[in-house]
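Which chain is which? They are A, B, C, D and E, in the order written, and residues in each are numbered from 1.
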Amino acid sequence: MTTEIEAPAGWRVETRTRLSTIFAVISLVLVLVLTAAPFLVSRGVIQDLFFILTMLALAQNWNLLAGYAGLISVGQQLFVGCGAYALFGLVILAGLDPILAIPLAGLFAMIIAVPTSFVAFRLYGPYFAIGTWVIAEVGRLLFAQWKMLGGGTGTSLPREATREMLGISLLQDWFGMRASAAADALAYWLALALAALTIAFVYKLLRSKQGLGLAAVRDNETAARALGVDARKLKTAIYLLTAFLTGIVGALIYLQKARISPDAAFSLTDWTAYVVFIVVIGGIGTIEGPILGVIIFFLLQNAFSNYGSWYLMALGGLAIVTMLFAPRGLWGLICDRTGWELFPVRRLLKGGPLRQDDKGGPNG
Amino acid sequence: KDVAIKLGYVSPQTGPLAAFGEADKFVIDAFLATTKGMGLNYEVVVKDSQSNPNRAAEVAKELIVDNEINLMLVSSTPETTNPVSTTCEAEEMPCISTVAPWQPWFIGQQGNPGDPASWKPFNYAYHFFWGLEDIIAVFTGMWGQIETNKKVGGLFPNDGDGNAWGDKVVGFPPVLEKLGYGLTDTGRYQNLTDDFSAQINAFKQAGTDILTGVMIPPDLTTFWNQAKQQGLKPKIASIGKALLFPQTVEALGDAGHNLSTEVWWTPSHPFKSSLTGETAATVAEAFTKATGRPWTQPIGFAHALFELAVDVMKRAEDVGDGDAVAKAIGKTKLDTLVGPVAWGSDKLPPFAQKNIAKTPLVGGQWRLKSGGGYDLVVVENSLAPNVPLGGKLEALA
Amino acid sequence: MPILELNAVSKSFGALVFAENIGFCVEPGEALGVIGPNGAGKSTLFNLISGNLSVATGTIHFDGRDVTRQPPMQRCLAGMGRTFQIPQPFDQLTVYENLLVAGAFGAQARESEVAGLCADILVETGLIAKANMPAGSLTLLERKRLELARALATKPKLLLLDEIAGGLTEGECRQLVATIKRVHQRGIAVIWIEHVLHALTAVAERILVLNFGRVIGVGDPETIMASSEVREIYLGMEV
Amino acid sequence: MPSLIETRALTAFYGDFQAIFGVDIRLDAGETVAVIGANGAGKSTLMRSIAGIITNRAEMILHRGEPIGALAAPDVVRRGIALVPEGRKLFSSLTVEENLQVGAYGRSVDGPWTLDSIYRLFPILKERRRNPATALSGGQQQMVAIGRALMSNPDILLCDELSLGLAPVVIKDIYAAFSKISAAGAAIIIVEQDIAQALKVADRVYCMMEGRVTLSGQPAEFDRADIHAAYFGAEPNELH
Amino acid sequence: MSFIDTLLQGVLLGGLYALFAAGLSLVFGIMRLVNLAHGDLIVLAAFLILVIVSTLGLDPFVAAVIAAPLMFALGWVLQYHLLNRTLGKDILPPLLVTFGLSIVIQNGLLEGFTADSRRISAGALETASVSLGNISAGVMPLITFASAILVIVALNQLIYRTALGRAFRATSDDVVTASLMGIRPNSIFAIATGLAMVIVTIAALYLGTRANFDPTAGPARLIYAFEAVIIGGLGSLWGTLAGGIILGVAQTVGAAINPEWQILVGHIAFLLVLLFRPRGLFPRAAD
C-alpha cells in the first residue's frame, strides 16, 4: 500500500510514519492472539476482556463524537439503553435469536437518533451537552413506562434465550465448552470484533476527506460552512453512526448481563461519565487515548473497587488531577515526550521546490 | 478436608441504599468467628453493589468466575437481588436471596412480567422473605382496628416495589376491592418527585381516610409535608419501605408520630439463631454495642442468610457441585433468627412454590418517646401470633 | 451575463438600516473595489452576498442563478470564495490541511486532486514555511493570508476579500497586490473591501462607495477619488 | 530624573519560542514614541511585556526607576500604564458605555478623561452608547478601545496598531485625537505599520527587526534607505 | 379551582428550582462553567446547616446565615485554586473536573455522615399554610418563592448596576483584556463562585427543610437546575426564574393529567422551548 498521495510538481503528502506501519503489524497480531483467548485463558480473564472491549468501543464512539466532531454529548446512555431494550424486546417479545437481534438493536438506536439529532443539533456547546442529557432522561422515563418489559422494575432475559443462542451448540460440540462459557466466548468475540472494527473504521474515517471536514467543523463551523463543508450532514452522519455502534455495544453488554432496568440501562454514570473519564484520562482526540484510558480504568477498578467510597473518591480525584496537569491525557504526555503517533492522521506536506532553511516548513 | 467453603455476598454497602448494608460487617465478622469456633472452614467474599444494578451484575459475575464461590448470598432491594439472582441462574450458581418482597423478585426476573403464563421457576435462585399478600393482610389488619370510611389513597412509584404493590393482579388493588376498600391510585410516579399536589388533590377529592404506599424516604417527607400544608388529614398512614429505619422517621420530626409500617424483624421476635442459639434481642444488643447504632431490621435477615448457608452446605452432597447445593437449598427446613424457612410451601401460588420461602410479617407503628426519638411498637400480628403485641393502632392526630 | 448581480437588496438590524436598496453588477473577471467609512456596511454587504446574513428584500443572482435564499455552503460550491474580516482558521489543523478542507470541499474534488494546487497556493501567499504548523499558532497577519489562501483553494469564480492589506509593510503590501493581480488575471472576478487605498486602486477596475448602507457612487478609481463627496466623507479632506 | 518607562535588555518568550532578544527602549514624560517594524518583529510582544500580559524579570522594565517587569497586568494598570491592544478586544457583552466604564475599574483617579470628555473626543460613541460594543463598525470599535484605555487616566498610553482597518478619515481623526491626549499629559508609545503616519506624530522612533531594535532616533534623522535596512536587515528583497 | 391550585403549586415549585439554578446561572453566565458538582454542593451546604443546627441548637435560618460566609469561602477557594485552571474555550475540562468533584464530595460526605437520610427541621413552619380562597399554599413554599425573587433581584442589581458586575461580565468576555483594565480575573471568578455558594446555601436551606437529603441526593435535581438556566437563556437571571417556573408548572400540570408523566412533561417542556428558541427565552445579545 502506498503511504503518500502523489501530488504534482514534486510535492508529497505523507500521513503514515514508519512507527505506525510497525504498529499496524503488531496490532494485527494482537487481534489474532485476542481471538484465540477463549481457548488460552480462564473465563474470568475473558470476562475482564469483555468489559475492557465493550468500554473501549463505547469510548472510541464517544471520542469520535466529542474529540473529532466537537459534539460533547452527555447523553450517550440513551443509545446504550435503546440498544439494550431493543435486544430484550426482540428476544423476549418477538422471540428472535439474540445474535440476530444485536444488529437490529443498533438499527433501533440509530432510528431513535434521527428525531433526537433534530433537537440536539439546534444546540451548541454546553447547551448541546445538557440537551443530550435531558433527551437521554426522556428516553429513560419513556422506557420506564413500557410495561411489557417490566416498566421501572426491569426484566431478565430468559435463560433459554442465551443458552440456545446461535453458535452455542457448535462451540459446545467442537470444543466441549459449557453453555455459559460458550455464551461468554461468543459475546467476547462479538465485543472484540466490534472494538477492532470501530477503531479501524474511525481511523479510516479520519484519514478520509470526510474526516478532514469533520475536524474543520469542530474547529470552526461558520468557516467550514463558508468553505463548502456540509456541516449539518457530516455531524448528523457521525451522530447516527455512533448511535448505531453504541446501540450495538449496549445490546451486547446487556446480553451478557441478562438483566435490564431503565435506571441501569440509561445510567449516566456508567455509560457516559465513566466513558468520558476513560477518554479524557487517555487523551481525547486521539485513537490511542481511549485504549490507554480503558486499561487504566480497568486496572483502577480491579485494584481498588473494594474500597467502596474511597475508590470512587480517588477516581474523582484522578479526573481532576489529569485535567489540571495533563489536559491532553496520558497519551498527550507520551506524545510530547516521544513524538510517537501510532494512528497518524496529519497530512504533512513534504518535498517540492522549497527553500531548505525554512524552519517549521516541510523540510524543517 | 481443609479447603474452605467459599460464600459470595453482595449487598448495597455504599450509595443511596447503603442503610440496608449497614449491618453486614458486623454480621459477617460474627459469622466467621462462630464458624471458626465450631471448627468449620468458611470464607466470605464480600462485594458492594454500590446501590447500582449494573455493578451488582458485574460483581456477581466476578464472584462466580474469578472467586469461584460455592454459594451466592444476596440481600436488599430488587436493585441488588435481581441482577445477582439472574446472573446466578445463567451461570448455574446456587443463590439465596432475601430482603425484597417475593413478587418483585420473582416476577421482576421474568422475561414478560405482564404475562403470568410465561413465568417459569428457577433452578438455582432461591429467595426467602414475605410477599405482598402478607403486607396487604398486615395493613388491612391494622386498618380494621379503628373506624374509617375505608377509602384508601395509594402512592406507588414506578420502581420494582411500587409496580408490584400497585399491580392489578398480584398487588393491592384486587385484594382491597375484595375487602371492601375503595382505592384511589393516581398512577406510578417517578422516584424523587418534588411535588405531590396532584395526588393530594385526588385524595382530598376522594376523601380518603387511609394512606398507603411504598415510598423512598425523601419522597415520603416531601409528600407528608405537602399533605399537611394542603390540609389532607388522613386517620391512618401505612407506608412501606420509607419507615424501615429509625433515622428516616426521626428525619420527619414530630410528624412521624403514629405512622405505621410493615415490620419484618424486631428484637422482640421470638426466634433464635440456629448457629449460635442467640435470641433476636441478644443479636440486636450485640450490634448496638459493637457499632453504637440503633438496631435495624436487615440485621436479622443478614444473619439468617448465613445460618441458611451453613445449613445448606452441611446437607449438600458435594459442596463443589452447584446442582447438589441447589438441591439442598430446595430441601431446607430451618428455624432461623427470622423464623422458620422452608422452600416448597403450598401456601404460595404454584409457579412460586419452588423458589420462594416465606417469613412472618407483622405491623408496627412509630411512637414518639417522651425523651425524644421513636419506638417501633408492634400493633398487628395476625400472621405471626407468636410475635408479642406492644399495643393497638392509634389514629393520626 | 454578469457573474454577480444585486437587485434592490436591503437589510436592517432592528431600527437601524445597514443595507438599503443596493444594486450593482460585477462582470466575470472584473475587479471591483469597495470603500466607505467604518460602519458603512461593507462587511454586512459581504455577509449578504455570501449568505452569512439573509437579505430582507431584494435578490442576489450569482453566475446566472438566483441564490438569494441559498445557504453559504451552496454559494461556496457555486464558486464564491470569501475571506472573513476577523480570520476564522481551523486552529487544530495545519495550515496545509486548512487549505485541503477548502480544496476538497469548496472545489468538490478528491483530496489527491487538490494536494498540489493547495501547496502552490501556499507558495503564492507566502505561507509555505508554515505549511505543517497548526493554524492556531499563526499571527494575525498570517491568519489573514490564510484566509486568502483558503478562499483561493476553493477555486472560486468570484473572490470576496475583506480588508486583507491592513497592517502590512510596504513590501508585503506590494507582494499582496501582485498576488491578487495574478489571481485576477486568471479570470477570477474580485470584490475587495480595503482601506489601504493605494493597494486597492492598483488592482480595482471600478470602485464602489458605500455610506450608511447606501451606494453613493460607482466608477473608475480616478473619478471616484476625485469626487468631492468621497473626499469629504471618506478621505476627510475639506472641500 | 528617571525615565517614565525604560526597558533593560528585555527578553520575552512564548513557551520555548523567544520573540524578543534584549531590547532597550525609553520613554520620557510628554513624549510620543513610535515603534515600527515588519510583521512578527516583536512590537506587540514588547507592548504586552510592558503592560504585564507577559511577565518578565522585574529589573527588565523600570517605571520611574522602579522595577515592574514582574508585575501582572492589573498591577501595571494601577501604576498608570494603559494599553490599547492589537485588534481592539472590546467586551462583547457590555454596551459601549459599559466598555468605557470598565476601563476605570482598576484605577479611577481624577484627570482629564471622563465619560463626557471621551464622548467629546469621539461624538459618534455617544450616539451608540447603549449598543453592544460588537454592533459597532471596526473604526467605531477602535475609538471605544482608545476611550476605554483613557478612562484610567494613564500617564502612559500604549497603542498597538491603531490604524489597522480604519478609513483614512478615521485615522486622521484618531491621530488628531492624539495631540489632545498628549496635550492632556500622557506620554504615548504607538506601534504602527503605517510608517509615514508614525513618523509624523512621533518625537522619537524605534525600529525593530526579529526581536531586536535595529534603529532608533528622531524621525528627521533617517531616510527611506535606513528604514529599509532596519526593516529587512539588508536591501529590500522581494521574496518571489 | 383545582386547576388554579395546580398552577400555584407549580409556580411555587418553580421558585425552588430557580433557587437551585440561580447559583448555576451566575457561574454559567460569567464563566461558561458547566458545574456538575452544583447539586452536591447544595447537599454539602445542607449538611453544613444541619451540623450548625444540631451542634449549636440554632434555628435553621440563623444557621444558614452562619453557613453562608463559610460556603462563600469554600467557593472562593475552589474557584481560585481549582476551577480557574480549567476555564477556556473548551467546555470539557470544567465538565470533567466538576464531575470528579461531584464524586469526591458525594463519597466524602458518605464517609463523614453515612448514607442516612437527614432533614433540617424548621419546626411548625414546615406544615404551616395560608389559605387563599379555597386553595391553600404552604408557608415554606411561599417563603422559598419569595427568596428566589429576592436573590434574583439582588443578583441583577449587582451584575447590571455595579462596577463589580461590569467586571464580572468583562472578565467573562475576555480574561486577558480584562486584566488590562486592572481587573484580577482569578479573584473576580472566585468572588462569583463565592456568591454562587451563598445562593447555594439558601437553596440548601429550602431543600433540607422540604425533603430528606443524603450524600447522594445532589445529582437528582441538577438536571432541573440546568434546564431552568438554559430555558432562561445564558446569563439572564430573570430568565432562570422563568425557566424554573416553566419547569415547575409543566411538572404539576403533567402530574395532574397523570403522575406517571410528571417529570417527563417537565423535560419535554424544556426540549420544546429549545426547539423553538435554541438559545433560551432571554438570550444575551452576543455570545
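Methods note: a residue touches a chain if its C-beta (ideal position, glycine included) is under 8 Å from a C-beta of that chain, and two chains touch if they have at least 3 such contacts.
Chain-to-protein mapping (UniProt): A, E = ABC transporter permease; C, D = ABC transporter ATP-binding protein.
Predicted model only: the values in this text are computed from it and were never measured.
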Contact distance in steps, from chain A to chain D: 2
Partner chains that chain D and chain E have in common: none
Between A-E and C-D, the pair with more C-beta contacts: A-E
Chain at maximum distance from chain E, centres defined as averaged CA atoms: C
Whole-Å separation of chain centres (CA-atom averages), chain A against chain E: 34
Centroid distance [mean C-alpha coordinates] between chain C and chain B, Å: 75
For chain A paired with chain C, centre-to-centre distance based on mean C-alpha positions, whole Å: 42
Separation of mean Cα positions, chain E and chain B [Å, integer]: 36
Chain B: positions in contact with at least two other chains: 14, 158, 188, 190
Junction residues of chain A - those touching two or more other chains: 141, 145, 309, 312
Interface hub residues of chain C, defined as touching at least two other chains: 123
Chain-chain contacts as defined at top: A-B, A-C, A-E, B-E, C-D, D-E
Of chain E, residues touching chain A in the complex: 28, 32, 34, 82, 85-86, 91-93, 95-97, 99-104, 106-108, 110-111, 219, 223, 226-227, 230, 260, 263-264, 267-268, 270-271, 274-275, 278-279
In the complex with chain D, residue positions of chain E that touch it: 163, 166-167, 169-170, 172-174, 176-184, 235, 284-287
Of all residues in chain C, those that touch chain D in their complex: 13, 35-40, 43, 85, 123-124, 126, 139-142, 163, 166-172, 174-175, 195, 197, 233-236
Touching residues on chain D, where the partner in the complex is chain E: 51-53, 72-74, 77-78, 82-83, 85, 89, 91-94, 98-99, 101-103, 105-107, 132, 134-135, 148-149, 152
Chain B residues within the chain E interface of the complex: 14-19, 22, 51, 158, 186-190, 192-199, 201, 205, 217-222, 225-226, 228-231, 245, 247-248, 251-253, 255
